[in-house]
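Each of the two complexes below includes chain A, the first together with chain B, the second together with chain C.
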Partner chain A sequence: MGQTKDETRKNTGDMSQEPQIVFQNVVKYFGNTTAVEKMNLTVKKGEFIAIMGSSGCGKTTTLRMLAGMETPSEGEIRLNGQRINELKPSERNTPMVWQSLALFPFLNVIQNVEFGLKMRGIGTEERRRRSLEWLSRMAIEEFAERSIDQLSGGQRQRVALARALVTEPPVLLLDEPLSALDANLVVRMQGVLSRLQKELGITFVYVTHSQSEAFAMADRVVIMSKGVVEQVGSPQEVYRKPASRFVANFVGSNNILNGDVSAIDTSSVIIETEIGAVRANLPTDHEYSMGVHLGLVISADAMDLSMTEEQSKDNQFRCRLVSESFVGAMVTMLVETDSGIELKIQLFQKELDQIGFSENTSSSGTFLWVSWSKSSVYILPQ
Partner chain B sequence: MKTGAQKGLDGYALTWRLPVIFWQLFFFVGPLLFTIAMTFFLVKNYRMTEAFEMKNWVKMMGKGYFWDSYFLTVGLASLSTVTATCLAFPAAYTLAFKVSDNARRWAVFFLIIPFFTSYLVRTFSWYVILAESGVINNMLSWIGFGPYTMLNTKFGTMVGYMTLTLPLVVILQTLSLANVDRRLIEAAQNLGANGIWTIVKVIIPSAKVGLIIGAVFCFILSFGDFVAPYYLGGSKPPTLPIMIIDTTKSGQQWPRAAVVAVVMMVTLMVVAFASIKFAYRKK
Partner chain C sequence: MKNTGRLLTVILIGYLVFIFIFIFTPIITSIIFSFNSDRFPTIPLGSFTLKWYELIYNDPDVWEAAKNSLIVSVSVGILSTIIGFCTAYTDFRYEFRFKNMYLALALLPPTVPLIILALAMLAWFSKIGVSGQLWTIVLAHTVLCAPFAMAVIRLRLQQMDADLESAAWNLGASEWLAMKEVVIPFALPSIVSAMCLTMAVSFDEFAVAWFVSGLNKTIPVMILEILQGNIDPQINAIGTFVFFTSMTLVIIAQLFFTFRSPKATL
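Moving on to the complex of A and B:
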């Protein structure tokens, strides 16, 4: 949470004018449940921001408040410096690309795209010209007169984008727009979205539960849990320096260990954890003393593996292989330390070959040695 | 069984379909064919005799009063359809979008209740309300208006038609509006559509099929209704259903009444087919 506030302060400090979107102490209740709790968030013009979290964390409610489908119970939302709490959805220019796409089935492709322009009272000719422009930009102009049910998933996605963007809005809201597409198409649409956002220079607010989507496209990521913003930061920051245990758990494949400080020297700190003593770099601004309880995060891809015990390792533990799974060239292994704690390790297949690891050795119950440098141990903020 | 299945008609399915088929043949197709055949019969000495002559058709089609009655009936049924559709829409819209699911269920239940009682009874109860010395004129007289003649007018006919059709139209419209995808409504508002535009551009097109079916039912019921134009509308000038009654009573002219019936049937079929076709039209 500490980092959340710092981040906000830094951004407002950098800006000479009012940032594009400001959430100020925004709270949303639904009856007795709190969907969003004291949310503070500042989004710069032209930023691609992703709001992430598991279902029910308040990310969609946040987006719906921006679009005006929900009204904040407390606090203020500003768009371009103007308070928008009381504006009706139709009075804001915050088009959304919906998870269901919500294309009008009784209108054809170009009529769908023209809809927003028509509602703004723009004449037939200009409407058509601008819509066709967007259709050709999305490379679907040949489908202009088709009905929606004649299009593929990817084509519908493009229609939804064109329909939302044709009014040249300052902000585009996206509510898990890629969740219905198959994996190949998701990657291609990510490219389309990223490129589009850079070309247009407008703000994208993207809600997703998919870490890979958020990290692939967003400048900054907002991690939410139970209505609370856990962290705001660049994908790297969130990945390497999670602000809380929740973020560490939610993001990436991290190993989280807990323990008490047992020794401190000039450059490192030793923490007695459930798997044994772990050595970590001593942060310069540390305030640790003996016996303090700390949470440690070691990301799965920071771990090394060897078949024999090696000298001069900061941290090394003997383990037994529990399971392994392959995704492309990446291998994710679950190993168990002598103390019975499971650790996650991610390695490239190539690396495994180099250390002489094979299926046979793994199945025979041979011991493996897992090691990591003290610099790759991240200490969670207290 | 095996050969039957290969032809796409297995015995099991056929067994269940046969009663419906027979019902339709005996009670719909049969009488319809007989009615059509009857239009070519002749009446001699107040007795119907089998024949195959065009006399009845020539006679009826050549009569001015038949066509007057035809267009009057089409006009009244159309007016009834437009009136019922317009009166029902705000009610159905409220029930579909503005009240809780529970309230909607109760409302639909209360809309079904009128069908428990005889339509004729409900029609006669309007006498008490609409008569020169009835409830409405009595109340109007307190503030110095009236009395107005409402019975035996086209207004009376309309009241009767509404009694017959309005609950049904409200139910049909409510059900179709309640099924409109809320996400499309939100999407329209998100794209800048205000309340009216949302109704015109999204809700009505989405619920089009249900709204049209409601209107078709209203037209069919009003077009064929004898009670409202006879008891509340005063039967003059006669609508087609009244003409059928009159024709059979005067001189046992069943064949001529059959001509009227067949014309009505054809009209309803054309209207129903055209409407359904329009409802399911692409775009």
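Moving on to the complex of A and C:
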């Protein structure tokens, strides 16, 4: 759903110009296994796109095909309108930041950064000048003459970035570049990357298994599973309108319910689920009939809580508190409905105070009323 | 438990000491007698002298043999290192059917008894009518030494992050440039090590050289020929020279072999 909407917007907005990167029916086999299946994807110039999925989903293979380390078995990949399937890695200008960083251990910092320029036959002086510029841009010019093993993880990361960007490429590929850093540094480097991408205005293709990294930086995310693109959309779309059950599960903090349509009126549809009847908005273009099986997604932060039963709620269920955990100002609660199904709820601490919920009254087993509006129920595409 | 551990240490140290005694006593004896004025190696020693060294210095045959040995060992060092590098690189870079068989074949020559290898070489060289030439020794030694070079270089390449070469291509290096700028610099310590090691092996090798050499004697062949004639303290002087040359090469090889560039891991 999110996907189709996104496609139409792009097609109308960008007719004049071919997108920078196009994957057209790309398939990649390794022996008998299919690593990437019928991939269709377009990336606009200057976009920050994150390809996300668990390990073995084909995200790294996709990136390696873009860099030329793998050749597609079928289909076509175009970069700036030119077919690149047959180009050698050295004939594309698609530098990559590697998960292992792959810095050359026998070269010092500035020699590492100069490498790409040297391979392009650029003279010693200009090479040095441009590399120094990038080192200072990454705030590591003081380490120019150091050897790689004398640097910290974050500094190496910056060297790897400078090395990839010094040739001023149209596209930068990043393969889980932050996976080896500790949490604090990850947040800092996310800031560095986002800012860099905006300043340079070049396309970033970022492969990660981390939802927080992808959502924090990307304009659009691609969610892959077992070689198949499950959804392409902005982080909000993927989060609010998951295109499939897989995506709904993958992006976490969602409650997923299943049931059959038991009633339809002019504005809403009622689905008999495992926790009872749930009321949802009736989509205008619906094709639901009685008894159709549907999957529902209600995100944890769309749920409300009260200590007593309230009137005029679209959906309201009595639950028992199972557990709660606090992260900063956010509280995540697990509750169990009378029918024994667990629901996840996310609220601000402030909201909890307002409804008179406090540490003292909240022992596990306390009865609460959980409610949500019918508009926050998202019906998964069938 | 602790006591048995200590006992074991003592035994092992004793064992090591004995090995060193057995290896080095004859060599050291030979070195000492090379400075002894007496014609026969007897104790008590005579006076200190350099005359045996003067003798070999003034002997054109020794120079000829030394020149032959130098030419052979340097050529063998270079050739077998090149072949060894190529074999090690194919192992590192490519996956193919029968790769294990390929590797086994590449490592085979040192397992063939030297005398068999030497005889086979002689027979084959005579058959094609090239026996007795210096370069046939080079060829025969290269067959023998290339597997050592390969083993040394292969160990180093195994430490290389496979992404390193891809990273070079990714930054615009052609396959040749990546080889020149990344693979060879990374493997350089092992390349130097392999070269020194194969030079040392070739320099000391006797059996194959004796069979194949004809009139172009290398030093080990010449030593045997002198020994067959008479007891001559010149041998001790030549032996000392050979010992120090080989030791230097092997020590350099070892130093480079154990070299580990600090790996750029996080």
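Annotations for the structure displayed:
In the analysis below, the second predicted complex is superposed on the first by the 366 of 382 C-alpha atoms of A that agree within 3 Å, B and C clash if a C-alpha of one lies under 4 Å from a C-alpha of the other, contacts with A are read in each partner's own complex, and residues count from 1 in each chain.
Following the convention adopted for this analysis, a contact is a pair of C-beta atoms (placed from the backbone, for glycine too) under 8 Å apart; a residue touches a chain by one contact, two chains touch by 3 or more.
The shown structure was predicted, so the numbers you read here are calculated from the model rather than taken from an experiment.
Superposition model on chain A: chain B and chain C are shown in a clashing arrangement.
Once the two complexes are overlaid on the shared chain, A:Trp98 sits against chain B and chain C alike. Judged by the touch definition given at the top, the superposed model places A:Ile148 against chain C, while chain B stays out of reach. After overlaying the two complexes on the shared chain, residue contacts for A:Ser73 are found with neither chain B nor chain C. In the superposed model, A:Thr34 lies in contact with neither chain B nor chain C. Judged by the touch definition given at the top, the superposed model places A:Gly116 against both chain B and chain C. Number of chain A residues touched is higher for C, counting chain B against chain C. Looking at the shared chain after the overlay, A:Asn108 reaches chain B, while chain C stays out of its contact range. Once the two complexes are overlaid on chain A, the chain A residues touched by chain B in the first and by chain C in the second are 67-69, 88-90, 93-96, 98, 100, 102-104, 106-107, 115-116, 119-120, 147, 163-164, 167. Touching chain A in their complex are the following residues of chain B: 181, 183-184, 186-194, 197, 201-202, 205-206, 208, 282-283. The touching residues of chain A, counted against chain C in their complex, run 67-69, 88-90, 93-96, 98-107, 115-116, 118-120, 147-149, 153, 156, 163-164, 167, 180-181. By the touch rule above, chain C contacts chain A in their complex via residues 161, 163-164, 166-175, 177-178, 181-182, 185-186, 188, 261-266. Only residues 67-69, 88-90, 93-96, 98, 100, 102-104, 106-108, 115-116, 119-120, 147, 163-164, 167 of chain A touch chain B when the two sit together in their complex.
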